[in-house]
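See the structures that follow.
Here come two complexes built around subunit A, the first alongside subunit B, the second alongside subunit C.
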Partner chain A sequence: MIEVTQETKSDWCVVAISGRADAEAADQLESSLRAAIDTHAKVAANLADVDYISSAGLRAIIQAARAAQAKHATFVVCSLTPSVKKVFDMSGMHHIMRIQGGLPC
Partner chain B sequence: MNAPPSLWHNQAILIETEIVLQGRLGELPVLVAGVAGFCRQHSLPDDVEFDLNLVLEELFTNSIGHGGCAGMEDAVHVRLRLLDTAVAVEYADRGLPFSPLTAPVPNLEASLDERALGGLGVHLIRKIMRDIEYCRDGDWNRTTMRRSL
Partner chain C sequence: MLTMLEEVVLLAVDEKTGQLRSTREFGTAYALVGAVFFDLALAKKIDTDTETIHIIDTGSTGNATLDRVLANMAKHPKLTTVRAWIEELFLQRDDLEGEALASLIKQGILRHEVSKLLWIIDVERFPMVNNQHQQLAKLRLARAIVTDEIPDTRDIMLVSIADQCGLLPYVLSASELSNRRDRIQMLSNLETISRKVTDAILNLDATVRHAMTKVV
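Up next is the complex of A and B:
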């Protein structure tokens, strides 16, 4: 289960996610990110409070990145916890999207 | 012959945990609770609990999504056993034959457009676990593997 909040900082839309990004939460994760991407040119997914992610959560983020690319929006993933970063690294996520240590704004 | 001391009997029970899952995604919290109980009982570190959850979720969602276990009662049996330097995991399901050893994995160098969405779970299982073995045992898929401590 995840909780999602969204706020605007300067020209960025920051989507803060907390909880477990597992197969049960993947649809909510993808739709929350897509909703932000549909309405903003710059979107940052803040994963600082995501304590678990599986391939279902990764797929939701990949789909969001594809949606951003299709509409030429900027999409970054920020503030991964060490265990979540390990899953990102094992999955080669850095090849296909921008990942950074802190928020861009 | 005398029966073995009850102390040993109790210890044998304590080192193994069995988790039974029905064939629906809503059972994930049962899996998570079972893994958490096992890890707490043996004071295992958080990264071990994380990896066991990840690997077992990947196998379970495969069973439900692709293995024909959706809606099946008594679909999955998971056994966790503590060894000296590893956790031994057995994952068994009553789905279609599926080996995590031979399933295709995505090309991780592919571009965002070309990256396949399937196979990532199997890739993670192979990265995290060692000594992975698979057999078809009657109606059951049986995968055994170890997470080093």
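Up next is the complex of A and C:
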């Protein structure tokens, strides 16, 4: 299960996610990010409170990044916990999306 | 929509002759197991992390092959890693290719022909009845590899499995593949299942090389 909150800071829409980003949560994760991308030019996915991510969770983020690319929106994934960063590094997610240590705003 | 397993097997059919292209027998067997896992993941029946595989729903997918593999997995809760399951299904030697071909014939995409070679040996061919599915799969593969767009997750999976089966030379030219080798590896690396299938193939290659060295 995940909890998702959304707030606007400067010209960024920050989508904060907390909990386990697994198969059970993947649809909610993808739809929350897509909804933000549909309505904002700059979206940051804040994963500071995500303690676990599975392949299904990664796919949800890839699909969101794909939607942002198609819309020419800026999409950033930030504040990864060490366990989630390990999964991102192993998968080479930085090759297809922008990942940074802290929030961009 | 075709399953990942059906799409990969369809890509292996030579559209001119109806013959199956089999370039890497054992590598293909591993890759087809990977395709089944991708199908189960897309159907939201399993999930994986960097090492382990989890069953999240044992309900029917509507596909006999996937349901059989899923039921088999549910019976062995002690087998938990992706790699162990790839090896287990590989050793069971189920005819995943044959099951996918039968399904493609049933769906009216291929037909089955048997002819004789030297009046004795049966030669099977699977001529295309409808080549749209194969053409579309090739287009999706080419687009995923040649462009720098983020592909759909299904196409990321297809790139990795087609590469492991040695099918990409039937989609793109040698120079295109050479120029985009880094991109293919990058896409293949995104998925745990692909990484573990690659590990299994490399391990098998090393084992075969070791055995050959001993023989020599």
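What we mean here is this: the second predicted complex is superposed on the first by the 105 of 105 C-alpha atoms of A that agree within 3 Å, B and C clash if a C-alpha of one lies under 4 Å from a C-alpha of the other, contacts with A are read in each partner's own complex, and residues count from 1 in each chain.
Note that in this section a contact is a pair of C-beta atoms (placed from the backbone, for glycine too) under 8 Å apart; a residue touches a chain by one contact, two chains touch by 3 or more.
If you're wondering where the values come from, they're calculated on a predicted model, not measured in any experiment.
Of the two partner chains, neither subunit B nor subunit C is touched by A:85. Legend: residue contacts after superposition of the two complexes on their common chain; A:96 is shown touching both subunit B and subunit C. In the superposed pair of complexes, A:58 makes contact with subunit B and with subunit C alike. Of the two partner chains placed by superposition, subunit B and subunit C are both touched by A:23. Across the superposed pair, subunit B and subunit C both touch subunit A at residues 22-24, 52, 54-56, 58-59, 62-63, 65-66, 69, 87, 90-92, 95-97. Of all the residues in subunit B, the ones that touch subunit A in their complex are 25-26, 28, 32, 46-47, 50, 53-54, 57-58, 61, 108-113, 115, 117, 120-121, 123-124, 127-128.
Partner subunit A is touched in their complex by these residues of subunit C: 41, 44, 46-50, 54, 56, 149-153, 156, 186, 189-193, 195. Chain contact summary for the complex, subunit A toward subunit B: residues 20, 22-24, 52, 54-56, 58-59, 62-63, 65-66, 69, 83, 87, 90-92, 95-97. For subunit A in complex with subunit C, the residues that touch the partner chain are 22-24, 52-56, 58-59, 62-63, 65-66, 69, 86-87, 90-93, 95-97.
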